[in-house]
Amino acid sequence: MTGGSVPTVDEIVKAGTPVPDRRRKPRLTKRAAPYGLAFPAMFWLGFFFLIPIIWMFVVSLNSGTLETGFRFSWNWANYTNGLTIFKTQYLRALLYAGVGTFGALVIAYPIAYWIAFYGGKRKSTYLFLILLPFFVSFIIRTIQWQFILADNGIVLGTLKSLHLLPQSFHILSTQWAVMGGLMYNFLPFTALPLYVALERIEPSLLEAGKDLYANKVTTFLKVVWPLSLPGVFAAFLLTFIPMMGDFVNAELLGGPSNRMIGNIIVTQFQNTYYPQMSALSFVLMAGLLIAAVLYAKFLGTEDVFEAAGRG
Amino acid sequence: MTDNMNIDPSFLRGLTQARMSRRDLLKAAGAGAGVMGLEAFLAACGAGGSGTGGASPQSSSQISADVAKIYAGQPNGSFVFGQWPLYIDKTKNAQGQIVHPSLDIFTKKTGIKVDYQESIQDNGSFFGQVQPQLQAGQSIGYDIIVVTNGEFLTKYVTLGYLWPLDPSKRPNFDKNAAPWVASPTYDPGNVYTMAWQSGITGIGWDPVQVAKLRPSNPKITSTMDLFDPAFKGKVGMFGESSDFPNTGLLAAGVSPETSTEADWQKAADLLAKQKSDGIVRQYYEQNYINALSNGDIAVCQAWSGDIFQTNLSGDSQGLQFLVPPEGALIWTDNMCIPKNAQNPVDAMTYMDYVYQPDVQAMIEEWVNYICPVPSAQAIVEADAATASGGTATYLNDVAKSPLVFPSQADVDKLHSYRVLTADEQVTWNNLFQPIYQG
Amino acid sequence: MSKGAAREHVASQKWTRFILPVYYWLVVAYLCSPIVVMIAFGFNNVPGRVNAKWYGLTLNWYRDLFSSPGLTRALLTTLLLATMATVISTVIGAFLGLAMGRHRFVGAALVGFVMFLAISSPEIVDGSSQLVWYVRLSKVSIGPIHPFALGFPTILWSHVMFCIAFVAITVRARVAGLDGSLEEAAQDLFATPVKTFTKVTLPLIMPGVMAGALLAFALSIDDFVISSFVRGHTVTFPIWVYGSAKVGIPPQVNVMGTLLFVGGLSAAAVSAVLPKFSQWRAGKRLERERLERATAAAAG
């Protein structure tokens, strides 16, 4: 090589030193790679997730019964009837899911905060311990709560025999049991996105806050909380939405006046009232989608689906 | 063996072929003048019902022809029995496995193996599970299923989901069946069903709790006790479309079999008030017995055999069963053969085998519901005589119980469910479902 | 440090040293309480069907674990289902995660949106829509097989569906954290894309893939809502347990729950320890080679 200038790639290539020529655009196979990689998943999700939802919308406009046969007939009555007759159950689901999500957020946030900032080397262990119970079937867990909260069981029975509670007191078959069950069963969906968002916050930002003479509370309110908002939003969505559609907690822990819209959808399924079932189900889906988009706009979180997806 | 007995074959062909002819579309859409395009296509691709034809009753000549075809072969050597839990004799063998002696004896006698699956919990949800396959003309993997008379048995029959039984293959049934299960109102001539057991829906109660809650009148003596505010929050009712509404009718002083729509409204109002007054703790299915046992409820609707069994199984609190003076309901769980079952001949063999008195006695000594073979009573008495101690007392109780071996007079006093057409069923459900599913 | 700052320091120490950790452990206790009850009552010597009071310690249920054929059948169905669903969804999902984390491509936002929908969609909507779809497809047949007849196959298709998104997200997180220099280095050494993938990329993302597979397996074993809609009359373990709750849950269920729990725990522990273990082994091997070379050099 000459003593002076740095050789250009052209010169090197001409000189014969084997260096991959990166000037050209990546090969076709490389450009096609992401499409190829993503295709099987998109096909599966399309065929087994998206299309069924579209088909369900079609079925929701059917009329008829099993005996007389189902016919597509633009039967919007399924929607108007469903919303009028089962308005209570929809509102109840909103209430239970709302309270349950709020409770889950309140419980999960301090934990996520502590693990993210003070977990140190054992972060993953602490996180794992929260997820541990969810290795057991959710049905079994809920049934065990049925047992724990039984009228004269280990908790209430003891309290009653100590005369701390009236004999007729019961938690099961009330809305509190349902909300408690919802909160319990969906906690990891809340804790994980919160943890991920909090963990991403650069510790240097906290130090910067301290340098500017902010105390812990101010640092939290002005630095940590705003930065964690995408995580809060993701946690809210991932908790509230499944809770709205739940029916197991209401079925196992609730009473006759605690039925949520999920229970009604199951009943319609068992009655083989498919069009009505589909209408109720689609309302749930559509309502939640709209709520998610509105909430995202309000919070101003742009790449909301990115954030939620990351969570 | 035809795959579809109620559906026009050309319609079926039309549905299964990728392309549809205009004629098929019109037929399916039920439209007079055809409309091609998305709407008609979608109409033909309705959610899964049986097109416009829906259900149509078969003529008896058609039925006999089908019977001849279905039962033409030899037994295959095994069959699958779908059943409710706790409905057959049961014990543990030397290896700690659960076995059913009556089934083992059947296998030894006939060489037919029984795959016994306790997979039915509830008529409605089981129907929902198997309906799509039956609709599509596929076998559901069971050769015998057990369905209670009522809304769903009617659906199975109307929609053509059951195969008719072979009248020539049930000599034991013809000889030994009790009068109330031979040619019942819900299946005259036993075309599709043979009873497994019958039962009574009455009132179950816990004497200890009742005495605590209502010391002035510590015994349950009437259906109206279910509505007594003294038991507020401690009453259990069934959450389904047969026992619950029909009991409401009895409470309103009406005979269910002859009730009118106005009567149904009266009953619904009564039951709705029971709920809004906070008297009902919960609407149960099979699980009422757990709630009664552990004290969640003090009084509830109950099935006659369950109380017996709970008192036997060790947690004995002396639960009681009442046949109310206002009337109680009798229902029957029926063996049926679903369409396209793989082993109909084996199934028929078993169904008739069960109607021998000694086999019934074996089952009855464990199950304690209403026995469909009255002559089994003598055998149970004989067993009681040769037994000793607690077993002898128990077997005597079983043999003498009017809940297991009722007289005809006893049965005549009981009420059957209101039989409903499909349209009436919708009205009925709309009245009562919101109460227990609210 | 001023007195105010010192006071505040102590106050904040109280929070971080005491209150928050205690709160954490309390919540863990609350989360684990049903598990403890479940494990304990697997040892309960209960006579009848109602496992509600304590009767004394016994190992009977561990011995007679498979005495109920329906329960055993349900458990085997669930395990088979979970294994197959995990294998399929991990492969498909890992590819998707790789695509999402590595490449910028047209439609990435749409794909992300679909993934978000798949995760957050209520299970009851998934279950009911897939039910009516399978009913519509029920007459489709490949030879004698009806792949959309309600039963084991349809549960499998649905399980794979909801597992894919979770696996993809897990793998994507892992992939996004890697820098591309190792792969570029491989390509500098003239490795083909396939070789690059198998020798460099795959081992690097393997922890994420394993975590995704574990997650998929757990989700499939646990699934109740979607399974209950699309199962026809096939019985999985959670379905069986739910059904038996009405008649009285046999203690074998507690035992099986305990065993599944212990199994899951062990799998997670192994997957956490394994990379460290293989690193340790590789380190030891490196040391040995270095020693050999040193001795050879010293001798020679």
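The first chain written gets the first letter, and so on, giving A, B and C; residue counts start at 1 in each chain.
Here is the rule we go by: a residue touches a chain if its C-beta (ideal position, glycine included) is under 8 Å from a C-beta of that chain, and two chains touch if they have at least 3 such contacts.
Computed from a predicted model, the values in this text were never measured in an experiment.
When chain centres are set by their Cα atoms, the one at the greatest distance from subunit A is B. Across all inter-chain contacts, the pair with the most C-beta pairs is A-C. Inter-chain spacing, taken between the CA centroids of subunit A and subunit B, is 40 Å.
Subunit C has its Cα centroid 16 Å from the Cα centroid of subunit A. Multi-chain contact residues, meaning those touching two or more other chains, occur in subunit C at positions 52, 131-132, 135-136, 245. For subunit A, the set of residues that touch two or more other chains comprises 59, 150, 153, 269, 274, 278. Those residues of subunit B in touch with two or more other chains are numbered 45, 47-48, 135, 294. Within the complex formed with subunit B, the residues of subunit A that make contact are 58-59, 62, 64-73, 85, 88-89, 150-153, 168, 170, 172-173, 255-257, 259, 263-264, 267, 269-272, 274-275, 278.
Residue ranges on subunit C touching subunit B, taken from their complex, read 47-50, 52, 63-64, 67-70, 131-132, 134-136, 138-139, 146, 149-151, 231-233, 235, 243-248. On subunit C, the positions that touch subunit A within their shared complex are 8, 11-12, 15-16, 20-21, 23-24, 27-28, 30-35, 37-38, 41, 51-52, 91-93, 95-96, 98-100, 102-105, 108-109, 111-126, 128-133, 135-136, 157-158, 160-161, 164-165, 168-169, 173, 187-188, 190, 193, 218, 221-222, 224-225, 228-229, 237-238, 241-242, 245, 249, 253-254, 257, 260-261, 264-265, 268, 272.
By the touch criterion stated above, subunit A contacts subunit C in their complex at residues 20, 29-30, 33-35, 37-38, 40-42, 44-46, 48-53, 55-56, 59, 107, 110-111, 113-115, 118, 124, 126, 128-130, 132-141, 143-148, 150, 153-154, 184, 187, 215-216, 237-238, 241-242, 244-248, 252, 262, 265-266, 269, 274, 277-278, 281-282, 284-285, 288, 292, 305-306, 308-310.
Within the complex, the subunit B residues that touch subunit C are 15-16, 45, 47-48, 82, 85-86, 92, 96-98, 117-119, 121, 126, 129-130, 132-133, 135-136, 138, 140-142, 285-287, 290, 293-294, 310, 313-315.
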